[in-house]
Amino acid sequence: MGYFEMSKLALKWALTKPPTTRYPFEPRQPIAGSRGQIVFTKDNCVYCTVCAKKCPTGALVVNRAEKKWVIDRLRCINCGYCAEICPKKSLTMVEGHGSPAVTRDREFH
Amino acid sequence: MSPWIRILIYLVAAPIVGGLLAGWDRRISARMQSRRGPPIRQPFYDVMKLWDKQSFVTRRSQNFYIGFFLVMIIFTGALFFGGSDLLLVIFALTLAAIFFVLGAYKTSSPYSFVGAERELIQMMAYEPMILLTAIGMYMVTKSFAVNEIASHPTLLVLMLPGIFLGFLYTLEIKFRKSPFDLSCSHHAHQELVSGITTEFSGRTLALIEIAHWYENVFLLGWVYLFFASMPVLGVAMSLLVFGFVILVDNVFARLKWQTAVRSAWLVAAVLGFGNILVLSLMR
Amino acid sequence: MARTVIPFGPQHPVLPEPIHLDLVVEDEKVVQALPSIGFIHRGLEKLAETKDYIDFVYVAERICGICSFIHGQTYCQAIETIMNIPVPPRALYLRTVWGEFSRIHSHLLWLGLMADGMGFENLFMHSWRVREKVLNIIEATTGGRVIFGSCKVGGVRRDINADTIKTILKDLDEIEKDLQGITKVFLNDRSVKARLCGIGVLSKQEAWDLGCVGPTLRGSGVAQDMRDQGYAAFKDIPVEPVTRTEGDCYARCAVRCEELFRSVNIIRQAFAKIPEGEIAVKVTGNPTGETITRTEQPRGEVVYHLKANGTKNLQRFRVRTPTFANLPAMLKVLPGCDLADVPMIVLTIDPCISCTER
Amino acid sequence: MSQEQIELITIDALLEKVRAKKSQGCRLVQISATQLPGQIELTYSFDLNSQLSNLRLSLPGEEPHLPSISSIYLCAILYENEIHDLFGVQVAGIAIDFKGKFYKTAIKFPFASAKIPCASSAAAPAAGAAACAINPDATPK
């Protein structure tokens, strides 16, 4: 009978611990290998502007004269393309994600 | 206990019990769906939140009908728990449903409109079985009065097994649970958005929720009537029936109105009529 | 009975897609369905004329949020065809694996929406619970959950090492078991069958003439699957198209259910045969020429028409997505159905309006 | 591998050629338009046994006109409405004509290059050179 397949599934799960996490109370465990978010290390940056040129969305702006590296997090798609091509390795992708933004603020470094 | 005290208890306790049952429903459904679900108190939070919300109406009179719907539902329950005539209870219940439908018609939204039509069709589907239930109870206890049925010494369900099953079927329709959430789905996830309640918001929607709590408690009270000679068993069975309704809600897709009417009438004809036929042949 | 016009979409709980249908209803029977789309035309095709062709793969991936990987893959294939780039075989295998993973997750998403459309909330949640496992694998291997960003012109950006392959294969067994649990319900449950069987019937000839693609076409009995053209690793891994002959909503649902298991098998075969080696080649120069590339997405055949003229921008980037081809069939079967069947019919073509309009 | 081919045709022969395709049992895969300097190039793609065949014709850039093939292939309605809305090609006799309301675009005929000047259209080569350059291999080696 076709009626009992779902009953089996429903009753089985009613007695099993749900696989969900209580998100805001329990933080989500980042999955190894996730691209995460971009982090800028100021020390070895030479402001070559390669990352800004290659950024697919134009989220990065680099000013060589003023030594400014700017990121618009709302535009960033976390593709990791800039981290791949950075000649000085001053851009890296780290695990996890930033906090949600309410306003479009740009980060100045 | 005097009927007035029973009515007073009903008026005060029904929304609390109904709300807790609704919270329990959501919790159990969530577990069946491999989720955790909200706290048991969530339905009360929802109603409080709805109470604070701005009410948008297409026509002012639509809220008026919902007010009547709530009053009539409370009246139905009061008649029932006051021990009045079962037939009167059924007519009051129908009248309440009619007010709900009129309110939906009044909103002039195509979704509510089709929802209201489907609700009328559903009423047509469950009314015969509800009447047969009253008739069956009369045939066993020789009375339509709820207090006399309740104090009858036999366990009614033993004499009326078919009617009990048929009544369970109509309960599915009355609770507006899948597979019979045609006219108004609580999750607002169907082709009619939320059917009858699409155009109600704010306090009116909160009133509808409260009316459903009263209605659910009254319906479970009717389930209790089948086991009235053994009160503990009665309460346990009412809760079990509610749990069963939740399970059925979770293992069925929504049916179409044609199937709903056909199956409900089939159930009424076979289980309800058959049971009554056997009863009348037995004596 | 008076006629009522029931608006369906562009914002509708059952159909989270920006398509609008004016359903002319006579006593809950749909007599006419007037569609209008175009609410979210983004002009991505025009964007190709101003973006570098190598960076454009990111845009191509964002044509659709569900079949995004295969969009990126098709774009890369098209460019590689024009420029005659020899893609390393390991990259082709990885693309195949990710493509099939995205097919599984897309089909599971669809199964969930379908269940939700027919008021089967429980089944919806279970479909998406399984989908979450697939998404976790995808995130672990590519770094993204739905937009993978792992395909690039000339190869792929990430490798999957042998240990990860082992754990993925183990997870796949578990996923397959879960899939069996839910597809059994979709295929056997009486109430599901009552909602799907005999609804929205499309004959073989009609489906072909209306230009249907993918599961819609295969559900009507035409064995056409672009994967048998042998792109990526499909020249080593044969794909037998899944077909059903009924042509109704149930058939289309059954085709997708069966494809889930086929995809799991393809991934297993790909991991068994995957060669060692490089995962990308360096791409230099600009493309000149034209190509029409077709691949099989979860929703059906997607057609990329690329025209390049030796600059770093493409001259024409044209995408014909599967939903675009399936819309006429949907409009064809809508009149005459019940109002309650409308979500079923609309959902069985697996509409993805945002990629339709690009 | 499929041998993709493009048949260059004139606008007068379009309906006849499409009818021939239909009688062969082809499926209409797509119609795509490309804005080239001074002309619009249309490609009609058909599929038979997973083999692609194409018809190509050029329309003048000024007030382009096109007969509809929707009487032969009903599904062409979407493509033809799209070509009208994006490129401004007047298609005569579409079975369901949305009359410019198929796509709700901010700019009328956004893909007709005169409206939005872009870098690449100026650099486009002569139209003749672009013809028939489709690579025979559908998949990369």
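Residue numbering begins at 1 within each chain, and the chains themselves are lettered A, B, C and D in the order written.
Just so we're on the same page, a residue touches a chain if its C-beta (ideal position, glycine included) is under 8 Å from a C-beta of that chain, and two chains touch if they have at least 3 such contacts.
The shown structure was predicted, so the numbers you read here are calculated from the model rather than taken from an experiment.
Which two chains touch most often is answered by the contact tally, and the pair is C-D. Subunit D has its Cα centroid 40 Å from the Cα centroid of subunit A.
Taking each chain's centre as the mean of its C-alpha atoms, subunit B lies 60 Å from subunit D. If you average the Cα atoms of subunit A and of subunit B, the two centres end up 49 Å apart. One inter-chain figure worth recording: subunit C and subunit D are separated by 24 Å, centre to centre, where each centre is the mean of the chain's CA atoms. Listed for subunit D are no residues, as none touches two or more other chains.
Annotation for subunit B: residues touching 2 or more other chains are 32-35, 250-252.
Each of residues 3, 6, 10, 13, 19 in subunit A touches at least two other chains.
Contacting chain pairs (ordered by label): A-B, A-C, B-C, C-D. The touching residues of subunit C, counted against subunit B in their complex, run 4-8, 12-14, 25, 28, 115-123, 125-126, 129, 189, 191-192, 194-195, 338-343.
Against subunit B, the residues of subunit A that register as touching in their complex are 3, 6-7, 10-11, 13-14, 16, 18-20, 22. Contact residues of subunit B toward subunit A in the complex are 28, 30-36, 247, 250-252.
The part of subunit D that touches subunit C in the complex is made up of residues 1-2, 4, 25, 27-30, 32-36, 43, 45, 50, 52, 54, 73-75, 77-78, 85, 98, 101-105, 110-111, 116, 118-121, 123-125, 130, 133-135, 137-141. Listing the residues of subunit C that touch subunit A in their complex gives 51, 55, 58-59, 122-123, 126, 129, 132, 136, 139-144, 147, 149, 157, 164, 181-182, 184-185, 188-193.
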